[in-house]
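First chain A sits with chain B, and in the next complex the same chain sits with chain C.
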Partner chain A sequence: MELPPAMTSRWDVERFGVGPMATPRQADVLLVTGYVSLKTLKRIIRTYEQMPEPKWVLAFGSCTVNGGIYWDSYNTITNLAEYIPVDITVSGCMPRPEAVIDALQTLMKMIQSGEAGAYKKYKENYEYYKANQDRVLKKTVPVLGQTPKNDLEGKDEDAKE
Partner chain B sequence: MMAVLRVFLFGIFAIFIGLLFMGIGRKVIARIQLRYGPPFYQAFLDVGKLFARKSITHNFVMDLGMVMALGGLLATMLFVPIAGHVAVKTSTNLIVIMYLMAIGYLGMAMAVAASGNPNATIGVSRALTMMLGYEVPFFTVILGLIIVNGTSSLELISQSQAGSILNWNMIKFPLAFIAAEIALQAMMGEKPFDAMIAPAEIASGPMVELSGKYLGLAFLTHAVSIFVETAIIVNLFMGGASNIFTFVLKQFEIYLITIFIEAVFPRFKIEQAVKFLWTVPIGIAVLQLLLILL
Partner chain C sequence: MKMQKSDIVKLLLDRGYSVFDLYHNQIALAVKKENLLNDLIFLRSIGFEHLSFITAVDFIDEGEFEVVYHIWSYTHKVHILVKVRVDRNNPVVPTIINLWEQAQFYEQEVHEFFGIKFEGNNDLSPLFLENWVDIPPLRKDFDTREFSIRLYDAEVDGGDR
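Then we have the complex of A and B:
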């Protein structure tokens, strides 16, 4: 909800050369804004893995750092950095559009100085991230036994048969 | 050797001017929307960044199609006279230009169809439908000018308008100019005729699967297409120019008109766009043709 004002006339993030892209193939930075439910997490991981390298992740708001007000929810994750590598976080609930611009500029400086390379960590520690992802995504399998369509779990079961 | 160098220089010049126009265009749109806007050299930074990134290819046809798109438009560029300079001299270059320009877009269509993304396929089918829409009025306009001048050489048509500003085809045939401007808007894929791009609807259409270097090539293709299309209009309606600086300035005026329309208009649906292009500009162009003939 902070991104439309950041992009349009009032804060205009385009003056720093930053603009929204419609597809993950064209994107450099993935902004995860707000709380991440398990179904969202599945899609975030897919989007992240479709982006070409080098890629960076900006986690936005308290919800992605420690769960925020959803800290004890059964259906949201509390720390995004356990599932995909996060380069920079913006805390606050909700942060102002200025915070987005500030974070993007800090990220640019980090890229210049070579500090921001979390996508390399994802390749090196893939087992760690994959184990964490599988641990929570198990919960999204339907209880009553229908095979989910278009899911990795469904394909695995087919392969076993 | 000199000929090769000359062709090379023409290509570099077209890409440079096209990217400069794209950057200034973004700045102008930002100012119209009361924003500050990116610096005018942003397009160069974008292309530099895109060529430095890793890119994902799907198959050989995708690579070939992207190169064919840029190559087709660069080949078109070689036939367009720029202030008396032309890379390849022919006496009937207007027909060659209109023929070669389609090859660039067909290459793009081939590349994105090979990527296999449904959004890209929708985008390309829309782009080709739009091509059907704008080429008919544009050809009607060109037909009128060919009949008046008795030649299909772009140099001779631009030389025939030499002298004062009153000799320009823009003043002599205002209806043809208006029809060509509307067709140009669709040719460049700017609003209201950008149904093929439509980021919110089909995720930027043909560009949906292009990453890194492929998107960079698409940027360069767009830059060359801006250069070629404005250069054709300047030669047809604004009498060419005596030196390159004036020529680029005239091109920039044409591009600014396009950008002003782009900045304030919403988007046509594809069937509305083709219906509009096949009624209003064709009507104006046919009227001008009748005025010329009678």
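Then we have the complex of A and C:
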């Protein structure tokens, strides 16, 4: 919601040399703008791994840091940095376009000074990230230990029919 | 021919339904599971030709699910909630995909989130959740907060990240 005004004439991030890209393979920065559900996480990982290096991740709003108002939802992750390396976060719910511009400029400074290199961390600690990703995306046992008894029986019967 | 809401209420009361007057254009109807299809066919025959939505409510203390069918009439401009109670331990209701084919998606959704089985519907595959192994998440005995804490390392009140 903040990106259209940030990209268009009122705030116009293009004057700072930032523009949207059509595909992940052309992009340098991935902006994750808001709460991340499990389905979204799967696609974010795929998008992130498609991007050529060097690449950076900007996590947007409180939802990507600690879940925000969705922190106790059964389907949204709480901390994006456990699954892909995050270079910089923007606080706010939701952040103003000025905050986006400020974050992008700070990221540019960090890149100049060599501080921002989380994509190297992703390769070095790939096992850590992969384990976290698999833990939520490929779970096989019920997290709360309650087995969906009636439900599974119903599904088996459906399959037989 | 357009009927006033009061006439519809009277008609339904005369036929022995338990009718609850809710709002200026909304009434609720409690029906039995055995009569569900007949009652829906009757409502459709008097002008309630549109099925808007199917949802469910978990009355865990009473040990029952309530499946709610939202029926709308373009002729009378009246919205009827048809409510049917089923046993929580054996939640089965007859499917209505032969009456309204759009019910397919609503039945899949209610099955996915409450574990209610729709007898006669052969495709109750998940629509929204991917790789879900716990009990259906909108049941009241599913602890979404505990789930989030265990699976996503959610911190109560946001933590101090």
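Note that the second predicted complex is superposed on the first by the 138 of 161 C-alpha atoms of A that agree within 3 Å, B and C clash if a C-alpha of one lies under 4 Å from a C-alpha of the other, contacts with A are read in each partner's own complex, and residues count from 1 in each chain.
Rule of thumb we're sticking to: a residue touches a chain if its C-beta (ideal position, glycine included) is under 8 Å from a C-beta of that chain, and two chains touch if they have at least 3 such contacts.
Please read all numbers here as calculations on a predicted model, not as lab measurements.
Once chain A of one complex is fitted onto chain A of the other, the partner contacts of A:Asn79 are limited to chain C, with no touch recorded for chain B. By the document's definition of touching, of the two partners only chain C reaches A:Leu38; chain B does not. In the overlay built on the shared chain, the residue A:Trp71 is in contact with chain C alone; chain B does not reach it.
Here chain B and chain C are compared by how many residues of chain A each touches, and C touches more.
Of the two partner chains, chain C is the only one touched by A:Leu144; chain B is not. By the touch criterion stated above, chain B contacts chain A in their complex at residues 26, 30, 33-39, 42, 45-46, 49, 53-56, 119, 199-200, 203-204, 207-212, 215. On chain A, the positions that touch chain C within their shared complex are 38-39, 42, 62, 65-67, 71-79, 82, 135-144, 146-148, 150-151, 154-155, 158, 161. Of all the residues in chain A, the ones that touch chain B in their complex are 8-9, 12, 14-17, 20-23, 25-26, 28, 52-54.
Residues of chain C that touch chain A in their complex: 89-91, 111, 115, 117, 122-124, 129-131, 133-137, 141-155, 158-159, 161.
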